[in-house]
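In the two complexes below, chain A is the common chain; its partner is chain B in one and chain C in the other.
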Partner chain A sequence: MTLSKVDSQLSASPMAPETTFGRIVRFVTGNVGLMTLMILLSLLMLAPALWTIGLSLKSNEELMMGTDAVFSFPYTLKNYLDIFENSHVFGWLVNSLIVSGGMTFGVLAMSSLAGYAFARLEFPFRRTLFVIILMGLAVPEQAVIIARHQIFSELGLHNTHLGLMLPGMSMPFGVFLMTQFFKAVPKEIDEAAMLDHASRLQIFWKVLLPLTLPAQATLGILTFLQSWNDYFWPLISATDQDMFTLTVGIASSQQNFAQSEGLGFLASQAIFSALPIIIVYVIFQKHIVTAVAGGAVKQ
Partner chain B sequence: MSTAQIKRTDWSGFLFILPYLVIFITMIVIPLFWGINLSFQKADLFGPGEFVGFENYARLFNNKIFLQTVGNTFYFVLLTVPVLVVIGLGLALALNKEAPLQNVLRGIFFSSTILSVTVVTLIWRIIFIPNDGLMANIFTQFGWEPIAFLSDPDWSLISVAIATIWWCLGLPMMLFVAALQQIPKDLYEAASIDGANKMQSFLFITLPSLYKTIVLVTIIQIVMQFQLFGQALLMTQGGPNNTSRSIVMFIYDAGFRRWDIGSAAAASQILFLLILIAAMAQFIVTRKKGEQI
Partner chain C sequence: MMKTTQWLVPVTVAALMSAGAAQAKTELHLQRFFGACEAEYGTNTDVSAAEGECGIMTSLINQFDAEHPDIEVKVTTVEWPGYDQLTAQMASRTPPDLVTMHNSVISDYQSRRLILPLDDLLEDAGVSPDEFTSTARAGVTRDGEVFGLPMDTWTMLYHINLDLMAEADLLDADGNPMLPGSPEEMLEMARQFKEKTGKPYLIQILSNETAAYTRLFYTYMFQQEEDFFGNGEAISLQNDAARNIVHHFKTIYDEGLTTKNMDYPATVSAFSSGEGGILMNGNWLLGAYNVESQKPDSELYNAYIAYPYPQLYANDDLYVDGHSWVMPNKKRNKDELAATAAFFKFMAENDYEWSRTGHLPSVEAVLDNPDFQALPYRSDLVSVTTRGKGLPAGVKRQFAIQDIMGEELASAITGVKSVDDALADAEARVNDLLSNL
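== the complex of A and B ==
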């Protein structure tokens, strides 16, 4: 009796008698409790990656005896040094950089030009073309990939960097995004430039394009990330080992995935190939989140 | 200025869209119609042969493996999408505030999203290794019978789903956070003045305001998870006994391993139709939000 009195005096909401369950609920919904729970969950989220990092720092021989060796010294960088000896990995990294960089440049250039025209210029079939391009948003890669593969065979584009870049450059999202963005720029800016006798190309290049830099950043990050992580098209188009991208290359080299053998080496491959994108993520986190979230809603 | 000059059609704008238009037509429009054409042909490695009508489609509907991949794909969507929506919403509600700790935690939950399918599957294969993986270690700790996650027919697709949920939960979370931050604060103030408790304001303010986002996130995830491919290919190769084979894997096998182009093209049209239905729903939902395209 006395105990419950004290209890109800201490409790923040004296309206209802506190049960143990009620107290747990209040602790979880209260800020400190909630954040403790969230920190624990975030550790759970990180656990798979931390486990892999741990394995990557252990010698393969030691891991053969049992993976609980992860929790004790000695640690070694040997697995990472072994990656550097696998001559292909650097080639794959370069391929990924060329393909993702080229695709990003292509998307930015073409989407900006098209977006400007759709937002500002009058020409025949403008609306019709825009609607047709928007309908392209609904076409998934799998619906076109068989025919696209045949067309690329005819053109001899398989196993070339250009062949890996071109399909990704067709994504209508860029045109849509840039059109929206150019529309948001006040027309008075063009008119002022027009009075100064600037040509259409000059207005586009010198006046409007610099204003669209935020949209360019969003679109650029999104395209680069998608290209870097793309798996399906490079898998069927790049059949020559020297033309693999990092994603396809690392996937191919783990085909002889044998139980615990070389476990440390496998783990180091996972970490190594994730490293470039993780560094980019840590630096540009805010932009990346906005870009990916914005991209998802419109695709 | 003469009237002829004024009336002349101005094609110069067309030049600006020409580069994209060429890519769009060659990469999307032609392959789309060529693919539909292929699905009605008896086609193999050497190109289209003769027109066979709906024979490829009929063959698919009599193909046990194809029907199984359709079933698997729906099962996979059921396994992943509700969990992704609920976890995403839960995390968003907990971490919706703009404060340093919340920002860092959101960053952690989102981080897996940026990894490639190769890295994700490599990590999870290492975790699911039967005797020495992280899961096996945990199971042994608790004295449970270890499960051969990737080679057990009951568990293979579930394992792929677990890895996928870990990979994809960042996006729903961020979309919900964005939606939560758009709910006007004075709604909550008004409610608390009227004596509403936390639960009531969640039920009568937060949930109704999020309704459209919940639908939108669900559709986005259905479309995404419907295209299951890399995870299943890299973690289980579709096995054991095709229990984790998806529609896209069927297309890949038919089109690029068995060179049964007709079947592959027909299967990809069926997939397209299913995705189109979801995309239409998304279009309707986003348009109702009052956006103009």
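== the complex of A and C ==
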């Protein structure tokens, strides 16, 4: 049962008007079992993040003696202050933002255009091309990594932002998703626009594209997250320290084998690198939920 | 006005050119592991004030940079061990000028001519390979040529909690821990330790790690004088020497005489908090545990010592490896070669500072340095620099072999496979790997 359903049921009650807070309290007290289960599951999901935050607030020396030090005072912000002393971290952050943002923009632009073409236009070998693109879903990155690395090497694209973005822009899933969304939009809308003398580009840009915003949001978020967390390609393409992304940079900062001597510092870096994503999620939370829900149901 | 312009232009150009020449520095691109610690040591040029691998390495490079105004050092720090990145850089023909490398990995790059011999450059730098310890020299020599400036020799140690050993009646009259001289004696001591303290005798890394068991295995294969790698092209593991080792450590595991299910960091903190008698781990932890042993609130307070793995079989050989600076194969001009030579000379001259990390010196003269001798526990460890040995120089893919060995040995010791099956599988997998190179 969703909160909105509960809300509507409660609103229909013949009793005296009730505040929103009162409704929530009634819902919670009326579903103690469900709420307990939800709290427990939430804690289970949050445990790794809470543990990492705890580690980040402890000194490396204390953690070397045992990670149960997390549960006792004193706590410190020194690990976070140490991040700001590393002159490279902000450069890595900017690189990650440029690469993730650029890749997201590229994927959205290309997937939308390709999806529109596959869903609406008739051209030779359309089905064959679509199948070939879908076959890309079955090819793992590891199978093409050497060839790709050599091509990028010949083109001089290593240690550039473009070199980090380009591989992720060929996203078959994006083309598939956008094609399905465009197909779900009734063709009568196109026809109505054509009667108003709209061009193909105008129909795409002004009529259909706004209708696919939920899919765009889903695809954009998935692409951004995938790019932000990518490790393998940046590891072998961005070998200049100034071109590291956050994932590679933070890994390079580990102070010794298995990080037994700098665990707190590593945890603080992990939290720091997750902050932009968390901020994005908090700001766009409503859109993300809508997008994911929209993507899950065929409209 | 015209006349003024006529002489002003060439003078200005000449001044700019000379200024440019004066500012032109030779860039030296270094790539290393050992982590980043800029917050603490980013600007430190006083190496004597630095501690730990990261701190000392960062400070050494800072000091070299400060002492050589004609050279600009650029450092890229990579995640340990960084070979994926290095290989990618070599494939795209953009390798750094110098890079840190394990001696056990040198063959992989040397055999494909991806790194260069250093004999001539070392001579230019005034560094003779004869200055290195025999173990360090052997570690970087391939086909009679030197392919790396050795930084150190490292091995695995018994890190010992003296308080628990005393509780187990395993200290001699001088207060030194009694170490086993045979597998049988080791089992007796381990049982006695557990009976008296209620804790496991050994703290071992048995989860999510393959190197520790493999290194232990190599040491005890050497000690049984088993020539298990022959010419370096195939391994032979289906023999009594291998079975002896695995059965022995399986017994220790089965009887609960070791910790179980601990990964690397867990064992490091388990030893700190006194959860077992002996931690089997590398000499790089010496410095950290020495600091611990001076803290009154530590379980190791005044109760820590370290020794090389004890001799259990016929000889006292030990498996060792080392870190080196190697020079990737790429074109260099005269100034770049001179800068590289200067760096080699500096690092060789400062080998004592690096030995403070717990690693053993690669320069023989450091062994006689009173400052080195005054470092804690070193007197018990210096013999490693002469009796240590690695796998035969021609063995390639030693990191991959280490993973295979570690997986199969763990399977045997934890009972997932029989000892014979695990050894047969390890032999087949390693030989399959080597035959496809």
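Just so it is clear, the second predicted complex is superposed on the first by the 211 of 299 C-alpha atoms of A that agree within 3 Å, B and C clash if a C-alpha of one lies under 4 Å from a C-alpha of the other, contacts with A are read in each partner's own complex, and residues count from 1 in each chain.
The definition used in the following text is that a contact is a pair of C-beta atoms (placed from the backbone, for glycine too) under 8 Å apart; a residue touches a chain by one contact, two chains touch by 3 or more.
Being a predicted model, the structure only gives us computed values, none of them experimental.
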item	value
Partner chain in contact with A:L263 - chain B first, chain C second, else both or neither	both
Chain B versus chain C as contact partner of A:I236, first or second or both or neither	both
Contacts of A:Q254 with chain B and chain C, given as first, second, both or neither	both
Contacts of A:D82 with chain B and chain C, given as first, second, both or neither	second
Broader residue contact with chain A after superposition on the shared chain, chain B or chain C	B
Partner chain in contact with A:V175 - chain B first, chain C second, else both or neither	first
First, second, both or neither for A:R200, with chain B first and chain C second	first
Which superposed partner A:Q150 touches (first chain B, second chain C, both, neither)	both
Contacts of A:F90 with chain B and chain C, given as first, second, both or neither	neither
Footprint overlap on chain A, comparing chain B with chain C	63, 66-67, 149-150, 236, 248, 251, 254, 257, 259-260, 263
Chain A partner contacts - residues on chain C that touch it in the complex	34-40, 42, 52-54, 75-80, 84-85, 87-89, 91-94, 209, 263-265, 268-269, 272-273, 284-285, 288, 292, 298-299
List of chain A residues in touch with chain C within their complex	63-67, 81-83, 85-88, 149-150, 152-153, 158-159, 235-237, 239-241, 248, 251-263
Residues of chain A that touch chain B when the two form their complex	29, 34-35, 37-39, 41-42, 45-49, 51-52, 55, 63, 66-68, 109-111, 113-114, 116-118, 121-124, 126, 129, 133-134, 136-151, 166-167, 169-170, 172, 175-176, 200, 204, 225, 228-229, 231-232, 236, 246-248, 250-251, 254, 257, 259-260, 263, 266-267, 269-270, 273-274, 277-278, 281, 285, 288-289, 292-293, 296-298
Chain A partner contacts - residues on chain B that touch it in the complex	9-14, 16-17, 19-21, 23-24, 26-32, 34-35, 38, 47, 91, 94-95, 101, 105-119, 121-127, 129-134, 137, 166, 171, 174-175, 178, 198, 216, 220, 223, 227, 229-230, 234, 248, 251-252, 255-256, 261, 264-265, 268-269, 271-272, 275-276, 279-280, 283, 286, 293
